[in-house]
Every structure is written in structure tokens, then in C-alpha cells.
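Attaching a single structure in C-alpha cells format; questions to follow.
Order of writing sets the chain letters: A, B, C, D and E. Residues in each chain are counted from 1.
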Amino acid sequence: RIRVAVASNFAGAARKIVERFEARVDHQVDLSLGSTGKHYAQIVHGAPFDAFLAADAWRPELLERDGLARSGSRFTYARGRLVLWSATVGLVDPGGRVLDQGEFRHLAIAHPELAPYGRAAREVLTALGRWDALAARLVRGEDVGQAFQFVASGNAELGFVSYSQVRQLEGSIDGSLWQVPENLYSPIEQQAVLLSDREAARAFLRFLRGAEALEIIRDAGYGAP
Amino acid sequence: MPTGADLTALGVTLKLAALATTVLLLLGTPLAWWLSRTRWRFKFVLEAVVALPLVLPPTVLGFYLLIAFGPHGPLGKLMAAVGGPPLAFSFSGLLVGSVIYSMPFVVQPLQDAFAAVGRRPLEVAATLRASPIDRFFSVAVPLARPGFLTATVLGFAHTVGEFGVVLMIGGNIPGETQVLSIALYDHVEGLEYGHAHWLSGGLLLTSFLMLIAVYGLNRRFRVLRP
Amino acid sequence: MPTGADLTALGVTLKLAALATTVLLLLGTPLAWWLSRTRWRFKFVLEAVVALPLVLPPTVLGFYLLIAFGPHGPLGKLMAAVGGPPLAFSFSGLLVGSVIYSMPFVVQPLQDAFAAVGRRPLEVAATLRASPIDRFFSVAVPLARPGFLTATVLGFAHTVGEFGVVLMIGGNIPGETQVLSIALYDHVEGLEYGHAHWLSGGLLLTSFLMLIAVYGLNRRFRVLRP
Amino acid sequence: MRARFRVARGEFTLDVDLSLPASGVTALFGPSGCGKTTLLRAIAGLERHDDGYLQIGETTWQDADLFVPPHRRALGYVFQEASLFEHLTVRSNLDYAANRVPAAERRVPVDRAVELLGIGTLLDRRPAHLSGGERQRVAIARALAASPRLLLMDEPLASLDRQRKGEILPYLESLHRELDMPLLYVSHSHDEVARLADHLVLLECGRAEGSGPIDEMLTRLDLSLAHGPDAEALIEATVSEHDEEFDLTYLDSGVGRFSVARRALPVGSRVRVRVAARDVSLTLSPQSDTSILNIFPATVEEVAAEAEGQATVRLKVGGIPMLARVTRKSAAALGLESGKKVFAQAKSVALLA
Amino acid sequence: MRARFRVARGEFTLDVDLSLPASGVTALFGPSGCGKTTLLRAIAGLERHDDGYLQIGETTWQDADLFVPPHRRALGYVFQEASLFEHLTVRSNLDYAANRVPAAERRVPVDRAVELLGIGTLLDRRPAHLSGGERQRVAIARALAASPRLLLMDEPLASLDRQRKGEILPYLESLHRELDMPLLYVSHSHDEVARLADHLVLLECGRAEGSGPIDEMLTRLDLSLAHGPDAEALIEATVSEHDEEFDLTYLDSGVGRFSVARRALPVGSRVRVRVAARDVSLTLSPQSDTSILNIFPATVEEVAAEAEGQATVRLKVGGIPMLARVTRKSAAALGLESGKKVFAQAKSVALLA
């Protein structure tokens, strides 16, 4: 039985992967969902996690550098895809021009300093030259999960969220979205590290890199590593 | 050292806590008074409703408030109908959220304090020609003083530290909805521990001094009960 | 529909809330009693200290508790020295965290209620040969009943909904430290809205029924005050 | 003043319909638990009983449609239990009352009340720092400072010493005379009632056994007052002369002339004379060789048997009722029955001033 | 019993050093605010005053080193203000007291206390549903049910009617006789004190003006009791004979034989006779042509001037003190001074049974 800390945004896919994994081998995996910052602090203070699936690359790197993670175990398990999404049909055009016309009151993003999707959103807006113009209309969620809720509840007309989130809705909201071209932001690499020496954990991370998991990850709306 | 953003957040926090405490007392006092006096058979249902928001995790409460505030939510529609400001991502929204969440900490102590006043002093005041309003302010409120102190301290402190609800419905807009608790949280999340310690220390010290002032002052006015 | 994990979390939550409320009352009652009776000049300092944890955002408080509980923290070292269980990421840790965080909601109402009892009934009991302990239990406690009710409701509900501290020091470990509030939060974060609604509804309904039972029962035993 | 109330409280029911004089002092008398406080509270409007009627002078305070809330009734109420505002000093307690009186209705200055009740040195204290009697005095002063149209007092002097009572009673007497402030007064003290009351209401188990002018009430044989060991009659009299030689004071009354031990009272002052039933003996012819000075021709109205071979005889002397306690044997021997003419000799009488 | 206390409270200081009999009824008498409650509380140990000493019989409750807390003092205390446990029914209030008495010390069964105070029908009520007098009676019953070694009562009967008092007083009297339960009793009522007390402590402004057997205390001219209009002497007597013919009862006492209006008391019963100073006149030779029956040879001990031309004369009659109120003029005319032999004639005396 192993414990794996997983970034909240990857929860859906992680559950499916665990299901397959457990069907395949005689191990059990307990997932602890949470924000990557919190997980990091907990790991530093001795949390009994065997593996860590972070929302970014920075915290795994830190752990590896400080010797809290098995060196060399770090790898990118998924690549986030940023979308500009609205719960209103037709508000967001496939070219993202809505950002120029600006017929909205609030644009939701994740925290640009703390959350990888927030950082990516800022890069996009900067690249488009809209960062300063839209600064007053930005509402920031702590993480991309909150940014998504701002939009889904209709309080923010649109926002930069993760494609995986939109996929997960499976059409229960007929919104509109713009797949942000990947050249507008630096890659959102979600990295995993091994924290303990346990074989089951190694096995799980191996499975995470495998084709079967990759399939699930893609299907959930992430880019392959 | 605190950044300018921290100071702005402090300003918003103090404003929010002060306003929320005021609104809590303004709404909670009549409610607590009524609850302490009524013989309505089903008042215990209302008592339960007041305490209910407490059992939801603040972020989840915030989530539902967000839905309620949204264009399709009941509160959102209401505000739109009366031409009020939108509640999500606004200071007013924070205020509403904080008030709902901290309400039991104000109502319960006040209700207990009003009940402890008893009927007699109010009857005496009535025979001395004090109208119901008059005797409420001249007798019930001063005698329920300890309850007001408790309600104020708990309401204020809880609003200062309150976090999940505010995080969810505020949108973390500097100067408007970014409060100190969020700033502090961000420092911890961003591994800026030095900064976080500094801010926590400052917050604790300030609060400590405020609490000491409140409790210390109160000592001098305490009503003696034989 | 609730998953098996939700039911496990419910179990942990109820256990935590029940134990925390018990510990809160066990620690809070003597403290409140002492605060309500002492003439110590500096008791207001202690009163402030009790209320202080409230002003920190729960996650931040949790963060500091985590540091304190960790292998290099004072509490962690202490526990290791006395051979106690580690506090971080354990149910015991959650208990300690919840107790610290909910303490003011228990101490303050109890203190007010004890103060409202007054000296006279205790003096009467003393002349009837009741020892200090005896009169505390036979007179002060029954007369402070409303305060105990308030303290229990606020303490219990706040522990059920409490979230930030628990998330930080508990590590969200199913069966051990994953409480319902965290599970609920996870559902919201994971966009499993149907699930979240279901769970919130269940939590609210259960809590509502419990609160109604508590308040409703209490009606029958209320002490009359002229 | 008309008061009709019906109040049910568990096994106890108060059911009274009283017509009381709208001025003067009315005493409410009755054993513990007979409903005195309940009645006062109903009159004050502190409890609302649907089936009630209350009229004071021209003003109706309660009827089928109307219920004037207590704060519009302009009453003063001295509660049976301590009832000071614990959060206010003595002075503020008094001011609380005084400040709520419209200027036009102010009749009792706070200073006067303070002086009368001797609480000048207590003004800056909190009630918790007062003795029981001091609290009671402050409560009386506060009720007076409210300049009420009707003063209700529930055993206000119970915890005061005799001297203090002696100072307060004359003032209470003067209230209704000088300020036209009627007083409804609960008391267990025969003394107080005899001195103060003009009118008496006798409550028993929630019912008004009787209500009427005090002299009549004390002597009515259908009521319990006339049957105890302390049965007595009260007679209004005027000081008419002092006899320096025999050290006597002569009082004139409807009954005739009383001689009492000399008392330094100005001629013409109105006093009350109390004649205890057990001090009155009866003869069929006027005796001249007796030491008893107060002898009056009387007519027997009624004779009631008592325990231990005694009987109480109600007499009319010049239209004024009086009681005599004799043995049943003598009653039979003298053939006492309604209409019989006798002579009443009062061995000793007490002067209440 | 020895009690020494010094208590400072703002302007008020209680400073007493009393030696009281360890049995019988001691009355604490004094004006409102003189420190009676303060003294009782100190004796009960409810307030700890460092500079105090308290000894009851052989047991020391407080001295320089020792302070027995109130719950170990085995007292009964009836407080001046209502003091029932509001959260308990009447029955539970009584049981609260009874259950805390060790079986060996149980002397007053709860049933007896209930019956005596007539609270049988109230047992299932909460105190808030009782009348003022009912509450007071329950408080007395509860103090009795505690089977105390010393009973402290702060004006316990103030809110009770005369009849109820008449039922309770004899029981309180019997307590110290039958159960050896001394009673320390605060009262403002001359009547109650005269009937009940064996010993009297007179407090004034926090100081004990005097303390001694009641008959002496009432007649000491250096105390205020002898100077009011109600000055009186109490004389212990025994019923010796009934005179059927003249309807008199004869009482024998150290003073001599008293004749009083007949009272149905068994021969031999011990009673008290109250002789009011204003009913006593003095002559130099025994008068035979007077109606006054109670005439005794007496010796003048002391003469004190009063207001309004009066004087109070303290006499000794057969070693027993008595008071007479006469005009200063007569005092001079008769040449009253210490040692003078006179005859005291009591116009009327009251029998207290």
C-alpha cells in the first residue's frame, strides 16, 4: 500500500490510472489530493508520501535538490494545455480575439506566481500585449481549479483554464473555447518524483510512464510529455 | 519586511473585519434578542439554521456562494433585479460571505447573554416608563455586555483569519478582495517562508495588542453579579 | 452517491469532531471556570492568547503546527522524547490542531456562562456542605448549561467544517486524516460537482438533524430565570 | 379604580373583581401565596391576561380590545425582590426613573426621594455594594422618582428597621394627600396596614374575600381578620385636649371620647385609635366603679363563636364598628344577640399617629 | 461561641468582638446597613477576613493560622435574598441539603421540614414558579434539612404573614432546646426578637453597641433600645393559676405575680411577659385605690432624660430589670435617683407565648 500526493488538477486522470494499476498488480494506492505548495511543505516536514505528482516542475526539482526525493526519479508525466474558456456559447471565438474586443467584466486566471497555469496565462496575455490592459479585470484563483470555478459558475465570463478540466465536464456545459497555441507560453510540465524507496512506488511511477497511462492522460486532455 | 501589497491587504482585512463585525452585530443582535425572548415552538429550527454554515468547509461554502452569486444563482439574480453591485469578486461579496460564515459566533453568545439578563430588569424598566426600544438599549444591552464582548472578539478574529470563503468568492483582487490571510497563504504556498513568518508575527502581534486592549478595557466596566 | 472513501472520511470526521469536542470541553471548562473566577490582574492577557489562533488563516496555522510537530519542531521533539506517537500526519495531530483552533469557541461562551451564574448559588451550596468540586458539578455546571450548549455546538460544528489546519497537518491520508471536509473539497476541486452536491447535502442534513436534536432537547431542560 | 382579572397558573387561579377608591392607600392583605404579587403584576400590565379589565379614574388601561403596555401606564412599582439595575450606580438608577418623566408630570424631585430614604451617602455605589435594606430603600426612592400616577408596592418595608419605617410611613401617607398619588400596598404587617391603609383588600387563595374601608374590613365577622387573636378595630379620631393633671390625652371620635396616656400631639391633629377586641369587655349597665375610662354605649350586631370557648362580638358604637372578644359563657349569660344594647369598655387603646 | 472580626469595606468598617452563648437564640439587631449580613457572612466563612477569630463550642473555625472553609462548618444559612437553586425543583433543593449530611448527623428529617413550612404542595415546582413567601419558606426548610450545628438566619420571616410566622416561630424556639441547635438570627421585628431571642447583639455602624441576655439588653439605658417609644422589658414567668371568676391568668415571676387577661395556657408553662415602659407608672407608696393590678416594689437604678420632657427610669424589681417612662417633671417631683425605693405599676402587660 503506497501513498501518493497528487496535484488536484490531475485528480481525475490519477484515479483512473490507479484503478488500472491496481487491477494489474497487487498493490494499493492511496491518493492524497491537494495543492502542490501544501504537498511540498508537508513532504519537507516528513509527510509519509511515497511519490509526488506535482502540478509543476519547480517543487519536484527543489525536493530532488534537497535530497528529499530520489535523485534521478523526476520526470514529466503530463503537459498541461491552456485554453481560454467560457461557459457562454459563442463568447470565445476560436482565435481568441475576444481578448481584444473585451466585452467581459472578469477574466479568470490561476495565481500567476504560484500556479503553472497562472504563469502560462500571464505569458499568453503578455505575448498578446493585453496584460496591462486587462490587469484590472483579472480575477485570480489560488489554483487553476478555482479559476475554473469562477468561470463555470458564470461569475467570470471567461478564463484561462486547463483543457483537461473542460474535457472532464464532458459537454455538461455548452461553452466556447480557444485552444491557446503552445508557442504563446512555455510548457506546463507536471513532474513526478519518487520519495520513498518502496518497490510499489517505483512500479507505480513506471506504470505512469507506460502506454496505458499515457492513453488515459491524453484522453483527459493533457499533452503527452 | 512587508511589501506594499501586504499593507494594502492589511487595509482590506481591517476594513472587512470591522465592517463584517459591525454588520454581524447589527444583524445578530436583533436575531439573538428575538431568539432569547420568543416562545415560538420551532425556534430551535432557526437556531440550527444559524449554526449550519459552520459545518461546511469554508471553501465549499465559498463554492456554493459563488454559484449563488453567479448570473444564474438566486443572489446574483436578486442583485441584478434590484440593480445592486455584483457580489462575486467584490468587497461586498466578501462581506456577505464573511457575515454568513461568522454569524453563529455572534448570535450564540449574544443569545446566551440576553437570556442571562432575565425578565426582571426589563420589567422594572417598563414600570419606569421605558419603551421596548429604550429598555433594550438602556438595560438589555448593558447587562449583556460580556456577550457583546465575546461576540465581537470571536466575530472579528474569525473574519481576520477567515480564508476559504474569501478565497473562493473574492478573486484575490489587490486592494479590493485580497486580504491578509490570502497574502499570507500565498507566501506559504510560494515557499516564501521568511516573508510568511514576518507577516504571521505581525498579524499575531497586532491582534494580540487589540485583544489585550479590548479585554483590558472591559475589566473596568464589568458588571458585578452577586 | 457517496463512495466508500466518503464513508471512511465521514467516520474519521465524526470521530475527530466527537473527540475534539470532548477534549475541548475537558480543557476548556476548567480554564473558563478559572478565568471567570480569578481576580488575577493579568488574566486579560490569557484571554487574548486563547483567542489568538483565530486570526491566523487555518492553513497558515496548520503550517506552523506542521513545523512544530515535525521531527525538528518543539512538539515533535517532545513527543519523541516521551515516546509518544508522532503528531504530524496522524489522527492525534489532527486532534491537537483542531483543539487549538476551536478553543476560543468553547472557552468564551463557557466563561460568560460561568460568570452569569454569580457567586450566590455557590455560596449557598457551600453552606449546604458541598465541597468546591461538588458545587462546581452540582451547581455551576447545571446553571451554566446554555454556555455548554453553545460551546458544544460551536466546537463540534467548527471541527466538522474545519479544513485548513487539518489539511496541512493531516496530509489528507484516507482512513487516518482524510476528513469529510477535505473529501468534499477534493470533489469540488476535481470538478465532481454532482458528488460534491450530494455530499454537502448529506453533511448539511445530518448536521441539521443533530443540531435540531441538541437544541430541541435543550428546550425541555432550560433553566428559568426571572 | 376598577380591576377585574382572571389568571390561571397550574393549580392556582386568581379571580378577582375589585372596585377600589381612586385615591388613598389600599392595602392588599393575605397569606403567602394567595396571589398578591400576581394581582399587582396584572395591574402593572407586566403580564397580559386576556380576560381582564382595568380602569383607573377616567383612564382605561385594559379591556377586551385595549391593552396599554406598562411603560405607558405611569406607575411606580416596588418589586418584592431586589430589582435595581446592577449596571448602574444608585444615582443612575434614580436618574433612570426621573429622566423618563415628562417635565409636566414631575412631582417628586430626586433630591427629595434621596433625602427621605436616607440614601445620600450611597449615590455613587453599585447595587452589589449595598446591604439588603439599602437596596430596598433605593428601589422605593426610584419608584417615587418616577412620579407615578399610581404607586404599587410589594412589601416594600419588610426589610427595614422600625425607625426607618417610622420615617417612611408618614411620607407614604402624605403622598396620596398632597400629590394625589394613590398607593396599592402589599403588607403582612398588621401595624403597617393599621397605620397606613384607608382601604383593605383581603385575598385568600386567589379570591378577594372582601374589600372595603379598613375600619369595616377589620370588624367584619365573615372575614378572617376579626377572628385571630389580634382582632381589632380602628377608629378615626381628633386630638381634642390634653389633661396635664392626670397625664391624659383626650380624643374625640364618632364613638365618643377616648382617654389615652398622654402623647405630645397638637390639638386638632387627626389620629387613629386601635382598639383590640380582647381589651374590650361588655356590660349590660354602665359601671361606674371601674378603672376603665373608655366606656361607650353600643349595639350588638352579630356574635360569632371562636375556638377555646371564646366568642367575637361585633358592635356598632355611634355607627362605628368595634369588636369585643368574650367567653361564650359570658355571651350566653349576657344574652348577647343582634340588636342588644350593651356598654363596651375598652381596657386599653393604642394611639397610632 | 466567640467571634472577632474586622472588615473594611469602603467607608464602612465592621469591628466586633463578641462572646455569645453556644446555645439558644441570639438576635442580631440593628438598623439597615449596620453590618448584620457582613457579620453573618464572616461567621459562615463565606468571606475570608484575615484578622478574625471564630470559635463555636470546642471547635475553632478561624484563627490566625486556621480557616475552616464554609462547607466544613456544618451551618445552615438562610440568606437575606432569595437563594434557591433555580435549576432544581423544590424537592431537589431540599434533597440537595439532606443528601450532604452524614447519616450520623441527620437530625431534621426532610418530611418534618416540609410539613412545618407548609410546602408539601410545592415540591415539584421550580423556584421560578413560587411566590416570594413560598421561596422564603423553602429556603428555611432547606437550611433545616441540612441539620446544621449552627443556624444563621438573615431576616427569614420578613416576607411571611403573621399566621405563618406564628407556626414557624415555636419550632425555631424548639430547635435549640430539643436539638441543641443554636440560632443566630437577624430581625427588624421587635415582636420576633422579644418572642424568640435569649440573647441580643445590638449592632450600630459596624460596632457592637452591646451584647447580653435579652432582658438586660432591652433595659440598658446606655443602649438605644431603651429610648425609643417602644422601650420595654421582658420578664420570664410561669403560668401559675387561672381565675375563672375574673377571667384572669396569674403568672409568677422573679418580679412577683402578674395578672393578665385570661389565656388558655396549661398551668406550669413558661411564658414571657412584655412590659412596655410607657405603661409603667411610679408611685412612692403602694396605692390601693387603683385599678392597676400589677404593682411591684422596685428600686431605681438610673434615670435618663428623653426628648419631649420625658425620662426613662430603669428599675430593678426582685433583681429583674424593668423600665418606666415618666415625664421629667414627675421624675423631679418624686425625687427619682439611683437607689430610691418606689412602686412600679404596670397598666397593662402583654403575654408572649
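What we mean here is this: a contact is a pair of C-beta atoms (placed from the backbone, for glycine too) under 8 Å apart; a residue touches a chain by one contact, two chains touch by 3 or more.
Not measured: the values here are computed from a predicted model.
Q: Provide the labels of all chains in contact with chain C and in contact with chain E.
A: Neighbours common to chain C and chain E are absent.
Q: Mind naming the chain pair that shares the most C-beta pairs in contact?
A: Chains joined by the most C-beta contact pairs: B-C.
Q: Distance from the CA centroid of chain A to that of chain E, rounded to the nearest Å?
A: Centres of chain A and chain E (C-alpha means) sit 91 Å apart.
Q: Quick one: report the Å distance separating chain B from chain E, using the average Cα coordinate of each chain.
A: 60
Q: Which parts of chain B, given as residue numbers and ranges, touch two or more other chains?
A: 63, 120, 182, 185, 188, 225-226
Q: Residues of chain A that touch two or more other chains: which are they?
A: Expected reply: 38, 41, 149.
Q: What parts of chain E, by residue number, touch at least two of the other chains?
A: 81, 129
Q: Which pairs of chains touch one another in this structure?
A: A-B, A-C, B-C, B-D, C-E, D-E
Q: Would you mind writing out the residues of chain B in touch with chain A in their complex?
A: Result: residues 63, 66-67, 69-73, 76, 86, 88-89, 167-168, 171-173, 182, 185-186, 188-191 of chain B touch chain A.
Q: Tell me, which parts of chain B touch chain C in their complex?
A: It comes out as residues 44-45, 47-49, 51-61, 63-64, 104-105, 108-109, 111-113, 115-116, 118-120, 146-147, 150, 153-154, 157-158, 160-164, 181-182, 184-185, 188, 196, 200, 203-204, 207-208, 211-212, 215-216, 218-219, 225-226.
Q: In their complex, what parts of chain D are in touch with chain B?
A: Touching chain B from chain D are residues 44-46, 69-77, 79, 81, 83, 85-88, 96-97, 100-101, 126, 128-129, 142-143, 146, 152.
Q: Mind listing the chain C positions that touch chain E in their complex?
A: Interface residues on chain C, with respect to chain E: 120-121, 123-132, 134-135, 138-139, 142-143, 145, 223-226.
Q: Hey, which residues of chain D end up touching chain E in the complex?
A: 9-11, 30-33, 36-38, 80-82, 121, 125, 129-134, 136-137, 154-155, 158-164, 188, 190, 228, 230, 247, 261, 264, 278-279, 290-292, 308-309, 327, 347-348
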